[in-house]
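What follows is chain A paired twice: with chain B in the first complex and chain C in the second.
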Partner chain A sequence: MAQTRRDFLKRTAALSAASFVGIQLPFTAADLARAADGEQWHRGTCRLCGVGCRLELGVRNGAPFALRGVAEARTNYGYLCMKGMHFWKCMGHPDRLTKPLYRAKKSEPFKEISWDQALDIAADRFAAAVRDHGGKAVAYYGSGQCLTEETYLFQKIMRGGLKSNNVEGNPRLCMASAVGGYLTSFGADEPIGGYSDLEQAHCFFIIGSNTAEAHPVLFRRIMRRKLDNPEVKVINADPRVSQTSRIADKHLQFKPGTDLSLLNAMARVIVDEKLHDEKFIADYAVFRQGKEGKAVTFAEYAQSLAPYTPEAAARTCGGNITADDIRQVARWVATSKGTVSLWCMGINQRKQGVWANNLIHNLHILTGQLMKDGADSLSLTGQPNACGGVREAGGLCHILPGHRPVEKEPMRRQVEDAWGVPAGRIPAEPGLHTMALFTAINEGTVKAVWVNCTSPAQSLPNCDLYNQGLAGDGCFVVCTDIFKTRTTEYANLILPTAFHFEKTGVYGCTERRSQLTRKAVNAPGEARPEVWIACEWAKRLAVKLDDPVIAQCVKPFEGLEADYALPRAIWDEYTQKLTKGRDNDLRGATYPVLERMADGVQWPAPTEAFALTGGTVKKFVKGRDPMADSESKNDLPYQFYGPAHEDRKLWVWLRPQADPSEIPDADYPFYLSTGRIIDHWHTMSMTGRVPELLRANPYAFVEVNPGDAAKLGIKPGDMVEIKSRRGVNVLPAKVYEGPMEGMVFAYWHDQEETRMINRVTKDDYDPASKEPEFKICAVQVKRVSGPKPLKPFIVA
Partner chain B sequence: MPIGGVVVSTRPEDLAAAREMLAACAGVEVHGADDKGHIVVVFDTSTGEEMERLMRDINRHPLVLHAGLTYLDMEDLQAGEEGP
Partner chain C sequence: MGRRNVRRQTRALCRYLFVLALATAWTAAATAAEEKITHPELSEQEQLVACSECHREATPELYTEWYESLHGVAMVKCYQCHGTFETFRVTPTRQDCAVCHENMLAKCPQDKPCWQCHVPHGFKMNK
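Up next, the complex of A and B:
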């Protein structure tokens, strides 16, 4: 019987789904009569969150027409989420930036200019700032969405060329506390295990993460593990009931900012009931206290937990938590055959973000729930390359490529040698962290900033304050992006860039996994890959500043075509010269190897032969991690060779409960927390331009607990004013048993000025990680009217 | 007119009811299931927006724990358009 094109596509779709779960259908691929003429499938990684789902983009006649998951990829086993399925719509979108735009003053309209003019202007303004005020007067502010090659090259030009460590990025706003936690607890950044633990875990402790909406593909794996093994326990700890709570055996709804008490109380139960692993602790752990990391004994640690009886913690945490709940979940965490903890912004975006990370790690160190399959302390990431690009390749002000601290002279020398620039070229002091950078822009000491692929005008906390500096003519602002954003409104120069699959490069996801995406379609108009832009900019800087060292920074890449040879050369330089012998050794993860692997390579992967096995699934384990073998100092099976702990031990930290920066009072009686909704991503510059996603959630709203709504006279859809000491929003209400009483929850993606919740959030930050406390501030909540028709808004 | 391949996961004890629910949804074809609670379905909708709404509604249905896309064909749709 003749098969229509539509029948063919439907059967292809059904076979795709069936193949992932091993269900036999009454037809096979061989029965599909029509060949897929002229179709090409290009393998790459999803553009959106930090899970790193592998997929294939179907291209016909130079245009994308389909997406499918890669079944053998260990990140997603073929599954994708609806949001991820739509990112292709950014390609060829009519709103794409296709020509450089310029205005000398921010009050003027933009005019189109040529690339030659644009690059000259960018070089002129940065050169003038450096000439007149030194390297501290310029800055690069990047993104966890830039390819590793892009982050690496920009920071090389900034540090080695312009003598500036003002290299930052939006991961400061989301992952810096996780970095601090891993470094101070394990001596090394990034997780020990990864996603493979999910299918082997017997207990999941999910805290401060709405995994179901923020990382839906990973949530599916957790859900599947629970369904297939009903004895597996799922604990969800969060002030808000979310979609993630659906599969939880126990939901602990604690008052915002009391997480440290909860975690310490769980540790106390473990110690009191002798559920800790004495041999593991004796072999691998020490106890530390205070800013200087003073060594203390186990007995002193136990004594520090004295105030955190389950009863006391239950009172502190409030909500629905009982002392017995705390005892029960502590026992589950400690005694399961394998416990995986997962968290995200609810833990990181806290004034005590590093401490909260430490206290989660404490539970794993105390109980030995590490290094074995099914056990890990796994921080989820929100962006596709926060780990690979920014954390590993030198994208923050205090770290150089290969996890090297700026302040250590030998580390700077290694980088300078690799780059062939004079010793002392990289400044000895770290640059300005994100909040200090935008403060400096307000104060007029940073004269030129390059914002790449992110929108701080919307994503910074208390953004009105920091937008004052961006809006003034005292700071020259360059934006490289694919669409206009709230930040391009403050730009002098907007440079159109190629999008994902329109250029080539590597993303490194949550679990130390690097994956290559090759160019599959052409970028529209005159949009260019950032690596080409950076090289051309640097060459002009060298001329204008008459500084051959700047030219030296891009000399190895001269003449290479930008779609493949250039990013490959940059990747080779970074991995071969700067990860050798470091804990993120990526020398084996060459482009040819990455091209052969369905799902990339997990570092450390010092050789191509090892990388072709997939790399290191479990760090620090002899026989599984080649660096655990090469760095071994004794007969123990685990070797903690991370750069931050010279004693090669895991550190259990004494961290007391501490209040968040702002707690409700008589004037501002409610907690405000913020987060993500499944349909939108970050500042919705991409998802807001996908009609299906925009219409599913055309504007942000505020969730109000029904108890509070009754007291305040708020009905569903009413317009509600959310006001803090910093700013105000007016949002439609969703009356919903999500946030606990005394707390409201708002989504942060909306670009419309009365619904931009970061005008309300607080900009205080963790003193260690410098990550702001987006998740908690005090607000007034007031009904202002009944429902009103609202329109979605995207910066045009 | 997008077409999606989807694995819907439900509790095994809810499988029959979930399968019945899905079969009754416009734009959904049920192609198979197993005793673990996996149901293989194909979405065939007239617009991408309808596909999104269907995915969302099914994901939030009380009988459904998760609906995961594995394949999406949108050859009739152009970037920035929503289809007919």
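Up next, the complex of A and C:
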């Protein structure tokens, strides 16, 4: 029976009043009891977003019962969001995968098999593909939620063992444009500053990020800074009004995709009003244009901004933007005592993602809002270990561990030497990036793929297209995971893995900080840590392919127990051999050091002594960054020694406005954007199994602007069809602003097939970063019916 | 079944349930000293509505107080302190606060619950 909300509220209002009347609960001293007998608290990092909150898992009689924050940690200072508070409930969940499952054909049901059989099958099928078609026919698709040790080990086996650079991960879908932006603007990946800048900032420019819901504990720090210092300015730029907008002095709403104009117009104001820092520019910056990065002068750069007057940009942007707003925010950004910009998927998941990143960095380079405390361009990383594992330890098809481009022969030689494998073992060409990989699976050229800790069947844009290939028997699919997902539905082999706190390893968060989580409880059933699985797989591959070099890849780890000694040895090899002398030098961040830290270590940290202080708070600053001192080439206080800029300069890029891949037209008149909300994480396989979180948001909703809702006859709770050229969803509506007029916003947390919004999104991608444009496509919006009683859906 | 029919039947059912629930609630209130206070009983479908959705209208002053507080801006939601239906507690314990504020438990008076000084739902200090 479907009640209207109004009926329901009338019914329960009386109940609430009655329940509260005259009740005085007796307060007992029993509540004061802390640390009861048998309770232990184990320190680690949160399993969810890229903030890197430190917390402790409470364990009683071998079973987890709570999580609480670590007050001394410099990421979260003790605070947790609801996901960090509740993820322990995944650990003993009845749905946990506990045994290997196998089926030869995807139309057959799964059978439970032994680990011995499972590892043999995995090795057999990968060996067959390599034998018949070479390393190009196999692939590993990992995750920004894998431990660094896992990512590092798998990519070593793939590259050094199977001679395949088809190593990718889901950070391609979220952070690749940020990587591209940092490399092309600063010459080095990852932020120059970090979270400590938040408490010293005087201006926050938050663009393309709903920090309040996507990085809640960082938002808390910004909120606190603003509340304690009302003169601090907060600018929120987002086509959608979000919970982040609550603390904004100015909220700029612009048509999706027009932010390039906004950012260029801000730069124009800065140059016109002479708010740029001439000395900083003269000392540290150059100007670049076009695909080849042709050098141009400051005058030519200024000239390129000619079309971006505030008036013209306001017209392009539409929304609520006025020319005066653009001037105001540009002045705030330029003249504050310290400006921190923060952004996330609104900027990265774009056809022009790298350009949008460059334009934000431009504002900081032009104004010298860098290097000093309280000033930084801080890209917010979505996942807990996209930085540490995938970006730093060689988890993308074109980079080797230690930020080494695979195309450079000396880089390959260095890695081969460190691994003790013959020269030439690592292929010279990058492998397939994510979208190319799943296209190759469709085309039948990739015969075996290992999917680790991620669910591309749901998380890829235009997912129906790529699920065709995954569904076919032409590609052998192995999934390592803790629960069944939309992706395990396409697997031949499902291997049950240990979850967070059931294994030991490092996560590296947004601010270059590596933090250790140690095993605290046993994994259920026969679930095993991925590092054990990978070693066993590699040994069998070596036999089946009669290739001892594959065995060589895991030989240093032979016989080590899997809970601690094995991950520690992997971490030691990676940090001591592969990060030595690189810009992410982590040699000081040994396990013994990490275990002593309340939080962790920010790289570069070449020595243990320096690592114990916490590592490098600000990169490139002499006296604060040991590599700025050791790599110093002149007397200037800042040394930009990053691997990508031989000239050691910051590059201001000329980037014009360019349209998104697909914008509204007569046939598909609405913008569709998608995103996360605070209670859930990604495909909901974890958070959807926690009752508190599920009930807070049981399915995907579509937010419809009240103006549009009125025209379309849509009321709150109505079922609404969202249809693109690729697919269709039917979602319950929330009517509020929310999105601007002409735009709808759908949450992507839902496994139910009529509510999986990636069936509708577009898979075009940034030509440089290969990151897809999840954030913008064109749809039709139509009311289908009144409210319906919906059921949450989680793959069983 | 016609829509008007459905509505009439729904209203009748609601009225019946209302009376039943009211009776249950009064009974619950009378025995509060001995029994644990539970959230008024809701169907499975009704439980899939976020706390704030109903409480915005059912307990508007409380909702507004929370929404305007630090917890509201930081999106610390009802269920984080009060649990969900099966684990519902009207009055959170010190351990509930400890999830985020563990360092304060040692610094603050040991003989009081947190909420006596940090009065919900604004949580301003009550001196």
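In this text, the second predicted complex is superposed on the first by the 761 of 796 C-alpha atoms of A that agree within 3 Å, B and C clash if a C-alpha of one lies under 4 Å from a C-alpha of the other, contacts with A are read in each partner's own complex, and residues count from 1 in each chain.
Just so we're on the same page, a contact is a pair of C-beta atoms (placed from the backbone, for glycine too) under 8 Å apart; a residue touches a chain by one contact, two chains touch by 3 or more.
It should be emphasised that the depicted structure is a prediction, and the values quoted were computed from it without experimental measurement.
Contact with chain B, but none with chain C, is seen for A:Arg60 once the two complexes are overlaid on the shared chain. Using the contact criterion defined above for the overlaid structures, shared-chain residue A:Gly78 touches chain B and also reaches chain C.
Once the two complexes are laid over each other on the shared chain, residue contacts for A:Glu692 go to chain B and to chain C alike. Within the superposed three-chain model, A:Cys90 lies in touch with chain B and out of touch with chain C [touch as defined at top].
Contacts of A:Pro556 after superposition on the shared chain: neither chain B nor chain C is touched.
When the two complexes are overlaid on their common chain A, residue A:Met223 makes contact with chain B and with chain C alike.
Using the contact criterion defined above for the overlaid structures, shared-chain residue A:Arg246 touches chain B and also reaches chain C.
Looking at the shared chain after the overlay, A:Pro427 reaches neither chain B nor chain C. Residue overlap on chain A between its contacts with chain B in one complex and with chain C in the other: 9-10, 12-16, 18, 20-23, 25, 66-69, 71, 78-82, 85, 216, 219-220, 223, 227, 246-247, 678-679, 691-692, 695-696. Within the complex formed with chain A, the residues of chain B that make contact are 1, 3-7, 9, 11-12, 29, 31-34, 36-38, 40-44, 47-49, 51-53, 55-56, 65-66, 68-75, 78-82. Of all residues in chain A, those touching chain C in their complex are 1-3, 5, 7-16, 18-23, 25-27, 31-32, 34, 66-69, 71, 78-82, 85, 212-213, 216, 219-220, 223, 227, 243, 246-247, 678-679, 691-692, 694-698, 789-790, 792.
Against chain A, in their complex, chain C makes its touches with residues 10-11, 13-14, 17-18, 21-22, 25-26, 28-29, 32-33, 37, 40, 42, 45-51, 53-54, 57-59, 70, 73-77, 79-80, 83-86, 90-91, 93-95, 98-103, 105, 110-111, 113.
Every residue of chain A that touches chain B in the complex is listed here, in rising order: 6, 9-10, 12-18, 20-25, 58, 60, 63, 65-69, 71, 78-82, 85-86, 88-95, 216-217, 219-220, 223-224, 227-228, 246-247, 678-679, 689, 691-693, 695-696.
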